[in-house]
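Below you'll find the structures, each written out as structure tokens.
Each of the next two complexes has subunit A plus one other chain: subunit B in the first, subunit C in the second.
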Partner chain A sequence: MKKDLHPLFYPRSAAVLGAGADPERVGFNIFESIVYGGFKGPLYPIHPKLKNILGYDVYPSLDKVPGPVDVAVIALNQFSTVDVLEECARCGVKGILSIAGGFGEVGTEGVKLENKLAERANELGIPLIGPNTLGFINDDGNFYATFYPLRLIKGGVSVISQSGGMGLTIMQKALDEMMGMNKWIGVGNRAALEFSDYLAYLGDDPATRVIGVFMEGSEDALKFVKLIREICLKKPVVVFKAGQTKESDYMAMTHTGSLAGPYRLYRDILKQNGAIVVDTVEELVACCKALSLSQLPEGKRVGVLTHTAGPSIVAADYMLQLGCELPKYAPETYQRVRDVIGQNPPVVLKNPLDAAGLGFPALTYGRIADAVLGDPSMDIMMAIYCLHKNWRFPSREIIDVRNKWNKPAVAYYVSTVGDSAIDREMLQKEGVPLYISAREAARAVYALYEYKQILSSQAQ
Partner chain B sequence: MKKDLHPLFYPRSAAVLGAGADPERVGFNIFESIVYGGFKGPLYPIHPKLKNILGYDVYPSLDKVPGPVDVAVIALNQFSTVDVLEECARCGVKGILSIAGGFGEVGTEGVKLENKLAERANELGIPLIGPNTLGFINDDGNFYATFYPLRLIKGGVSVISQSGGMGLTIMQKALDEMMGMNKWIGVGNRAALEFSDYLAYLGDDPATRVIGVFMEGSEDALKFVKLIREICLKKPVVVFKAGQTKESDYMAMTHTGSLAGPYRLYRDILKQNGAIVVDTVEELVACCKALSLSQLPEGKRVGVLTHTAGPSIVAADYMLQLGCELPKYAPETYQRVRDVIGQNPPVVLKNPLDAAGLGFPALTYGRIADAVLGDPSMDIMMAIYCLHKNWRFPSREIIDVRNKWNKPAVAYYVSTVGDSAIDREMLQKEGVPLYISAREAARAVYALYEYKQILSSQAQ
Partner chain C sequence: MSTSKYFPARLNDKRRRCSKAQVKEILDKIKSDGRKLLFEDEVKRLLALNGIAVTPCEVAHNEDQAVQLAAKFGYPSVLKVRSVFYTHKSDCGGVKLNLPDENGVRMAFREIRAAVAEQEPEACITVQPMAGAGTEVIIGVTTDNHFGKVIMFGLGGVFTEIFEDVTFRLIPITRKDAFEMLESVKGSMLLEGYRGKPPADRESLVEALLKVSKLVEDNEEIKELDLNPVVVYENGLLVLDGRGTLS
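Let's turn to the complex of A and B:
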């Protein structure tokens, strides 16, 4: 039976049990994060002695709160966390976030305590995230229930992360990439809800367009994989799988060199069931970004346009290794390019099409891009450009060409994170993902084709 | 015989033949770049009609210039480039940068012209870079002879790039990484000087501490590799080798899948002869940065410190795959850590050492780092930290610990490029390279050990 996680992610009101005033402690930070994140509903800090935190009235216990509480964020220690469950139920709480560690991850006693936590939460019928988690974020509802106060960029990518730290890595990279995010879930120990519960929820969530997953292992791999098989028909699922179920096992496995086998097996099964599998956080974000922004190509034939050969060779190398094709342009395309450049010699008329110095001015670049994407042999364009103080990136032109031919384009800008920001924002708002890394750009192009393939093959 | 490239890289005066006033053209941009780069010597724009460019008096020809000219930057077309050589010789020019394309890369006629250019330059005894290049930069002498005006950060890494565009990719990544650079050479068609000439020059250059190389192929691989064998005893040589000698071959080879064989062979030979071989620009910059900033570890035993498990697992995975070891800490180290944390339970006492919430405050982090790097089983520390609005990165503490134990440390900060900038600057100034990517941090750690190994094995 699917669990109703909606009230947990979209609470109308929230209480933080164990909210505090010390900026060095979790109880303060998770409260501040909710405030800083812009939560609109009533928010109640709970603390036995404090009167005021960040301008909010503090209540000594949950049952003293003057209104209904949808979500209880429990930032108490592991024992108090279990103790407070009954009160949550009495107060009509619809969802719990349990932050504290000291459960299953610390050994036998912790396992017992964790089982008690999970059993009681299940008996009471309250969905519970955690314990031992950084928390979760629903940007769509401005609910930032994590003790790492931050703000994400709004968008359609939701992420489930087995590791809080890797979840942070994904969010930081998303910020550099200006990848819009929707929900972020640090699943923690998964005492009462498992990976598949979150995946099922995001699969049905209309605000989530792409699901990214970082996992070390899954308790019920079969269930997880079957679910991906269903969800991938509705939205892409991108998975970065590291190691094994437990860190200690994982480290041991790696030391003895026996990891590769099971990992590859896992990887193959994931792929066969419609997941897009990646090897790094960088690739995870690259793929999620492209899939959330861009339309899909009909096939895997990539027309590459550049004004400097090196980056196009490296990008082409990655794309070919992944499985893309770089076919020749049609003869009429060469004629169209010649019409743009006149008798100027430096343009190398092959794929990648190297416009050399003529590729600098945005207008010329755009006219050649028009020929490239208009070519009937091409399903998608990779537009490469190098930062130059006296020329601008041809954003407007790339967007226009994409709109004219109604085929996807991916931009690869040889630039810094900062210097590419304005064009990244402009292009991505219009559905053209921009990268500053050849490998990430190439992975993104292939991911768009890969998902197209998944839709075709899984639909049969 | 070694060619004297010093006057080319450190000219006392320079002329730009074909300097122009149109910001859309190369002749303007290369002149502006030299101005913008801060060249201190007399600078002479040469143009038959213009009177003034950017406030500089223009001369109609080289022999009308009122002083000696060490370097002639030739931004004329390919035919005029050849024609002007004699005049350069008559005027006592000591080095030439030849920008124009239209030589060997365009076919038979171009090859003839290129041979003529090279033969004449050699007969006249003037070293010539190019043709068909973006130019070169010597930040050490503030001479930015390229038509991509930019400023680098001063430092000890010099780069030789077969591709201008990949050279730009390296420089842009270096800016994001705040990697200090010394010289950058876009070798172009290598008509008169080959890869080995540049490598030999940088090998002897006291301002260059690390050499990075991007190459597609080398005319004389044996010479190149023998030279690396010599130079690697003086300074590290990091090589990113892509594709084959010619792009067309390369693309064709990749299509037919026959690339991997020769590429792997090349890679193995490079490694056997003391090069550090990498697979991406990101790795090239990661390794060059670490090698230019950090002392070397005695061995490959890495002590990892984190306050969040995920990134440490991923980093450990990469390091173990590369060949690092993550041994157990000594019993006395565990005791030292317990002395810091008291009876607090969340610290996981293994390697990676996970300080959990206790790792947030810089002071505690620093005390645990002291135990980690002081451990007799550890040769180097990887210090991992996640960006948090209310805590600071323990830069000062990491530097102090590194100084105290006189062992290297690498910082891995889960953060954005921008949010890590201040700590990156502080740490790197003190010899601790900082990364925001697990893979790059891991590659850097291994590169430090790798170079230590190279020094030991090649010295025998």
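Let's turn to the complex of A and C:
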């Protein structure tokens, strides 16, 4: 049965139970985050004694609030969290975020309490996120219900994370990468809502174009991968499954079963069912960014253009390992390159095409890029350039070439995050993802091809 | 009486249609014995009923029966212990390979009985013909806590034991999944033949994976299968050994 999570992610009004005025405490931070997140609806802090927090009237209890409450953010301790559920139901609450720890993660008593929490929430028919979570964010609805306040860049990538800390890592990397995000969910202990519930919701969510997942493991795995199989035809699902060592002991099985441990099982089965599987946060963000910005290539043939050999060798090496091809350029392409830079140019006429010193000026770089992406044997271009004090990045030229040939391009600039910020914005606005690491750029190129493959094979 | 090794080309494959009733009968018999463990001959019957080629394998209760069976299947012959106490048959001295003649079979029968005397002195012993050499692979089935029924494929010997070069798919698998399984192990080029070794019959391997997947899909109570080794030839394959458990 599909659970209706819409009122939870797009509340018209919200209350924060346990809101406080002390910046040291979770209760203040989550309230402040919702305020500064720009939530437009009525917002009610609930506290027995306080009168005012950040200019908002405080109410002593949920039933004293003057209007309806769609979402109750519960920042109380674990015992009070369970106690307050009935009141939430009486007040017509449509969704709950439960922040407190002290549940299933702390032993038998905690498990009992968590079961009680989940059972009551399910009986009352109220979807509940958590407990033991940093919260969730819906940038699309300006609802930043997390006690780690930050602002995301608007976009189409939504993330489900089993870990708060890894979820933050993803968001911070996304900010560095200027990857636009839509929703972020810290699933916490998954007492009442499972991975598959969130995945199903994001699969149907029109604002989410790409789904990224960080997971450690879940008893819900079968349902989860079956859903991926359906959703991957509508939007890409990128999964980072943690725990590659065999120490994880959930699978005390026979010889056959315990051979490779759960990681390989997850990896293979996720791929079988249409997920793009990655091994690091960097790769997760690299893939999600490319998939949310770029058109897909027709195939896996990559034309690489550079003016510096090393980075192109490293990127090419990684792309080849992943499964890309770097075919030879057509003879006409070499002729076109000679037309640009002379009949006997001091460049290496092969793929990667190293324009060396002649590639420094952006205009020349652009004319060579035109030959590279125009080559009929190339499906996608990786354009490499090094940051320089006096020479500008060829971003405009890369965009023009991409537009002219209507084939995807990925830019890899050897640069700092800050020095490439203006160009990152310019390129990504036009659908060309920019990276400053060879591995990430290469992974992104392959992810675009992988998703093209998923669409054609899963559709059969 | 022949003295050449057994190959799948000699298998008199009448393209028997899988009889669900016969499969059920075998599984019910095991359950009524109060057993979880499937013996090699039982696994092989299940496989054969599903169109997977196996070396014929029958149970001998005494030495003379073993000799008769060996003669029926042809030499060289193979004897293995059939006991719930010795599931890792070769570790306890319960497997005797490449027995050239009646004398060899009689000796082997006595040696195996002696080796298992402590736990099961009257243990049954299976008899089968010695198969020819080819590319060894492993096909497995496990029931994972998170995913449920999963099929595994790996290359035999050190590739699986040491390098753990294996791949998994959720059951049921498609033909495309089966092909990808062959390609996604690092040693997959071994199947293409190397240093004069002929290429392995990949199509028959794909068929076997699909049939194992179907067998398990149709019979929920099969918890685990370990077909090891499966030998793949230029034409066809043979399952040489197998065991399994019921849930």
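Following the convention adopted for this analysis, the second predicted complex is superposed on the first by the 441 of 460 C-alpha atoms of A that agree within 3 Å, B and C clash if a C-alpha of one lies under 4 Å from a C-alpha of the other, contacts with A are read in each partner's own complex, and residues count from 1 in each chain.
In the analysis below, contacts are C-beta pairs under 8 Å (C-beta built on N, C-alpha and C of every residue); 3 or more make two chains touch, one makes a residue touch a chain.
Since we're looking at a predicted model, the values are computed, not measured.
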{"item": "First, second, both or neither for A:269, with subunit B first and subunit C second", "value": "second"}
{"item": "Most subunit A residues touched (candidates subunit B, subunit C)", "value": "B"}
{"item": "Which of subunit B and subunit C A:42 touches, first, second, both or neither", "value": "neither"}
{"item": "Touching partner for A:391 - first (subunit B), second (subunit C), both, neither", "value": "first"}
{"item": "Partner chain in contact with A:431 - subunit B first, subunit C second, else both or neither", "value": "neither"}
{"item": "Touched partner set for A:299, first subunit B, second subunit C, both or neither", "value": "neither"}
{"item": "Partner chain in contact with A:7 - subunit B first, subunit C second, else both or neither", "value": "neither"}
{"item": "Partner chain(s) touched by A:222 [first = subunit B, second = subunit C, both, neither]", "value": "second"}
{"item": "Which of subunit B and subunit C A:361 touches, first, second, both or neither", "value": "first"}
{"item": "Set intersection of subunit A contacts, subunit C complex versus subunit B complex", "value": "250-251, 254-255"}
{"item": "Contact footprint of subunit A on subunit B as seen in their complex", "value": "23-24, 26, 28-29, 32, 36, 101-102, 106, 148-150, 161-169, 172-173, 175-176, 214, 216, 242-243, 247-248, 250-251, 254-255, 280-282, 306, 308-314, 316-317, 320-321, 326, 345-346, 350, 356-357, 360-361, 384, 386-391, 414-419, 436-439"}
{"item": "Interface residues, subunit A side, partner subunit C - complex", "value": "217-222, 225, 250-251, 253-257, 259-260, 262, 264-265, 268-269, 272-273, 457, 460"}
{"item": "Interfacial residue positions of subunit C with respect to subunit A in the complex", "value": "138, 140-148, 150, 152, 154, 160, 164, 166-170, 173, 176-177, 180, 184, 224-226, 245"}
